[in-house]
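Look for chain A in each of the two complexes below; its partner is chain B in the first and chain C in the second.
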Partner chain A sequence: MLEQYQTNNHFLQQVNPLAKLIALLVVIAAMIFVFDPWTPFLLWVVSVLMLHLLGGIPVKFITLISIPFMLFGLTFVWINAVFPAERGELILFSLFGLPIALENIQTGLSLGFRSLVFGTWSLLFVLTTSPTIFLHSLIQNGKLSPRFGYGIMAAYRLIPVFKNEWQQLKLAHRIRGLGEKGGLIGRYRQMKRYAIPLLASAIRKASRLAIAMESKGFDGSRNRTYYRVIRWSSKDAFFAMGVSSILTVLMISRQWWI
Partner chain B sequence: MIPTKKLQLRDIIVMSAISIVFGILYLVWIFAAGLLSGVLGPMGGALLSGLWIMACIVCAYIIRKPGVAFMGEMIAAFTEVLIGSVSAGSVLLLGFTQGIGCEIVFALFLWRRYWLPILMLAGMGGTTANFVTSYFISGYSQLAPGLLVAMLGVMLVSGALAAWLSKGIADKLAQTGVLNSFALGREKLQKERERKNHGLRAN
Partner chain C sequence: MVCVQTDHLSIRYPTNETPTVQDISAFFPSNSRSLILGPSGVGKSTITLALNGIIPQSIEAEVSGEVAVGDLHPQHHTVGEMSKKVGILFQDPETQFCMYTVAEEVAFGLENLQVPRDQMDSIIHDSLQKTGLLHVKEDPIHSLSGGMKQKLALACLMAIDPEVLILDEPTANLDPQATIEVFALIDQWGKRAKKTMIFIEHQLDDMIHFIDDLIILNKQGKIAYTGTPRELFQKHANQFMSEGIWLPKTVKTAISLGDFIQWDPFPLLPAELEQQLIKAGISEPRIPPTKEQPMYGKPIIEMQNVSYAYDNNTNASSVLSELTFHIHQGEFTVLAGANGAGKSTIAQLFLRAKKPSTGIIKWKDHPLPSWSDHQLMAQIGLVMQNPESQFITERVDEELSYGPRQMGWSEDKRSSHVDQLLDIVNLSHVRDHNPFSLSQGQKRRLSVATMLINDQELLILDEPTFGQDAENTEELMNLLKSLQQQGKTILMITHDMGLVEQFATHMIVLHEGRCAYEGNPISFLHSPSYEKLRAQTKLTTPIDRKLQQWQDHVQQKVGVQHA
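Presenting the complex of A and B:
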């Protein structure tokens, strides 16, 4: 489902993954000391627009996938209303004898919108970056050693194998009369039964994979050629300028409303 | 074969495989934690926070080389993002800081001692790092100090318990024999040999 967005050819998909990752971290850093509701709200609106216009992701899809962030955001509202560091001046109403202040609800809303902003920026990264290109970019543009990069990529190829293995285990247990039990306790018992065999076979397969790679001459040195070359381009410069100007404008104009 | 402190390709791939399994579990646990924190607020998350440092402890305890705890956690976080966690920003950031939190404790013991109390300390290091990161990204400074202290306490206990659980898993794995070429498996083999040499088996 995600691949369809990761591989289409809009602007954001062509920006270097490292640039997007750095932008994501910069946005998180910029929001750390913001506690008014409007700044994160505006940034959220801008981010959704960016994701839609520059990434070609339908707004409906963004909204649907943001529902968990919205729920998570709501917990900030009540927790800040009930357990604030300093109770605000303007008491709106009292809940079970606890006074609820407007200021604390505003802080809660701010943190709620903040989690939406982080969510949307994470989407911006996840929905427009294919994992393989990200790892290639980490090796070629970042400082990740090829030994790690290719080792990790090889291990990711094992995920479908793990899935098969799990199915086999399930069937094997069932044929011996250990049926599936529902409920939380049943789930817990299942996990206990499957965990060790699954991990053991994962380790065994991984060891073999390493031997296979080494026997084919992979030594993980930096002195190698790449099938897919990833370079910095002018698009990355545009992206960096765009993000920093959005943040600068927002940080300057927020002086008016706080 | 002389065991070196440098990471071999085999170490990297095995570490990745273990961390990937934990990455998948991390994603499942997020839903559980989401439900709990919906009811209990940040306290719910604190209760389970230890679960997210298990990849560090298991990998470090098995492979026992510098950097394993940190890379293991990063790979687990990356897996989480790859298979569908949409909150990439906080997941990667938390993976980064928790990995460092664990690694620092192992570094203090020069990556030489992997006893249970040290593993527990590493677990606590991981959850403390989680607390500090969350303090900034979730604006904990706006919450009541009493609540924060209680949360940190719960997270420390959670980290220690998770380390104990991780050690249990790794020891069980070592019994299957798949770890015989790693530090943990070698240690087990060594102990068995010594036991035989000392004639503790009565025959």
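Presenting the complex of A and C:
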């Protein structure tokens, strides 16, 4: 599912992962001093549209995967309305005897939409960036040492192998009469039993893999060429311009309503 | 064109007191194929890692003596420089790759050697074409079968194009058909590109015919003999056997017929042996009719129209469809089929780790769901491919007393039972060791023993001989045979048709999720009417029976003449 979105060929998937990462940080920074509900709301709408139109992610999927962020956002509204740091003056109604002020609801909505914006932008990064390309980009465009970059890629490749091994282990232990134990202590003992064989195999696999990589001439240095080159392209410039004009327009026009 | 030479090479790891290999002086001429042969654990792989400098540069070890690869000295050149000279094909297909797709993996070696990017595509295309992997160029590596992964590892080496190739048991984890294919690729490439090749191998039947030189190591890690395979096997075969070195099957037969015929040249392949025997006036043995159908006991497991599909399998191809077969009490049953035919799934269905989509599985006339987990586990044992996954304690003897303790046996009864088992699987001398510290063969025997403790009636073994050397395999098979003679039912999943022929009394062959054959193993393996099915399921007829027949035939004939 994830992989299918990460590798489809829409605009956002072709943007350099580092550009997306920087844009994510800029958006977070821009939202820090915003406390009205409309600005983050509009930005959220625009972000979802981007994700759908430029990233090819269905709105239904975005909605479903955003539910946790929405719940998180609602708690902001609730906390600010019921337990504000400083109660507002325009009391709308009272709930269980607590007066609820418009200003506090507005602050809560602002913070709630802000968390939705952060969530959506994180999704934008995760759903349109394949981990391999992200690592290539960190090595080639960023300053990540190939020693770590290729190491992480190799480890990423082993995840399905370990998942399979863990399932085998669970079955093997069940056969020997060790069922899934409840309770904290049972859980802890079970973890301990699984840990030793899994670690033993992980260490063995890691050292074999290291030997194999070295025998193909990998020395971890930057003296290497790249088959899959991650370049900065005009798409990255478009992306950067797009994101900054959205933010600029939003920041200027919000003067009208605050 | 490069030759490899070692001069009084000794290697000692910091954790060991004695050197792993000692005083190795060997010469590997350019464009030759050498085979290093020796008992398990004498440091054959250690030598190869010294040839490309990984020892001592990445793996710490004390190295004395000299190594030269052409004009390079691996001890003094960087790993990058050495990788252009010496390439290694390793045993484990899972741990040779670090990239996501096939093409990226082939490119990885080229990137390391700083090959310009515009040259990469043609090199990658070329090496994938030669290994027959062009159609999976953009596929993720984890979707490939074990055989294809080893071909990919070979393609990576072809791209780097080193002058010396080291092949460290490249087919130990592969099925017989893939083994033949991989060796054929290696042979072709070596011939075409005139590589210097150094092999390490236990299973010699599929490759000994293209070996030029043999280097035999003894248990102390010293060179015992060097020479051509024909010469050394003819002179010293019996001694090799007593050292725990596995001989090609043809060689064994030839040695046992040594009194009746003067071999010239000494045969390494069945065809060579047959040719010389026919020349000596001995007619080809008629294959006697297959064994009579044995009288089966009552079925212990019945599979009736069982289908199974993975829940998340979106392409909706079911792994098993409408499967019906029986496993009878006291039989040695083998479950065979091509990779991915669903053999391991069946074992998991029996243990209720998976539930069939449709159909009924009966254990002793009662449907599987009517048994409790506890009852079932006490009667069915599963020995898994990786023995380590079954260990749960920190001592060998505790491992064996764990089951009885759970069943509430008394202290005395437990300890005598454990002693007895340790004796059966020959592990008494390591009873206080940690199971993880045992050798491969010991781990395997312990994992079988843990399953015997509950007096299980059915023992299921999932590829128990995979990656095991010949000696361990033989010990395990003898153990299983004696268990069968004591009345236990054995179900073994295996690719090794030599073992099937020798030990199995009943055989079930899976093809495309269905039961394609159920019955006598000998008829399946030898009858011409199953030739097509054998090809489809990639199960090749082993040479053992043919050789045995020749042997009996010759001995009989000569016996008659003497009388």
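As a working rule, the second predicted complex is superposed on the first by the 228 of 258 C-alpha atoms of A that agree within 3 Å, B and C clash if a C-alpha of one lies under 4 Å from a C-alpha of the other, contacts with A are read in each partner's own complex, and residues count from 1 in each chain.
Operating definition for what follows: contacts are C-beta pairs under 8 Å (C-beta built on N, C-alpha and C of every residue); 3 or more make two chains touch, one makes a residue touch a chain.
Being a predicted model, the structure only gives us computed values, none of them experimental.
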item: Partner chain(s) touched by A:Y227 [first = chain B, second = chain C, both, neither]; value: second
item: Partner chain(s) touched by A:F125 [first = chain B, second = chain C, both, neither]; value: first
item: Contacts of A:P84 with chain B and chain C, given as first, second, both or neither; value: first
item: Chain B versus chain C as contact partner of A:R176, first or second or both or neither; value: second
item: First, second, both or neither for A:I196, with chain B first and chain C second; value: both
item: Touched partner set for A:F69, first chain B, second chain C, both or neither; value: first
item: First, second, both or neither for A:L92, with chain B first and chain C second; value: neither
item: Touched partner set for A:A210, first chain B, second chain C, both or neither; value: both
item: Residues of chain A touched, compared between chain B and chain C (which is higher); value: B
item: Touching partner for A:I28 - first (chain B), second (chain C), both, neither; value: first
item: Contact residues of chain A, present in both the chain B and the chain C interface; value: 154, 156, 158, 196, 200, 205, 209-211, 213-214, 218
item: Contacting residues of chain A [partner chain B, same complex]; value: 2, 21, 24-25, 27-28, 31-32, 35, 65, 68-69, 71-72, 75-76, 78-80, 83-85, 104, 107, 110-111, 114-115, 118-119, 121-123, 125-126, 131, 147-148, 151-152, 154-156, 158-159, 162, 195-196, 198-200, 202-207, 209-211, 213-214, 218, 220
item: Sites on chain A touched by chain C in the complex; value: 132, 150, 153-154, 156-158, 160-161, 165, 168-169, 171-179, 193, 196-197, 200-201, 205, 208-219, 223-229
item: Contact set on chain B toward chain A in their complex; value: 7-10, 12-14, 16-18, 20-21, 24, 34, 37-38, 41-42, 71, 75, 78-79, 81-84, 86-93, 136-139, 141-145, 147, 169, 172-173, 176, 178-179, 181
item: Complex interface listing, chain C residues touching chain A; value: 49, 52, 54, 58-59, 78-80, 82-84, 86-88, 90, 92, 94-100, 103-104, 107-117, 120, 124, 141-142, 156, 160, 348, 351, 353, 373-374, 377, 381-382, 384-386, 388-392, 402-403, 406, 436, 450-451
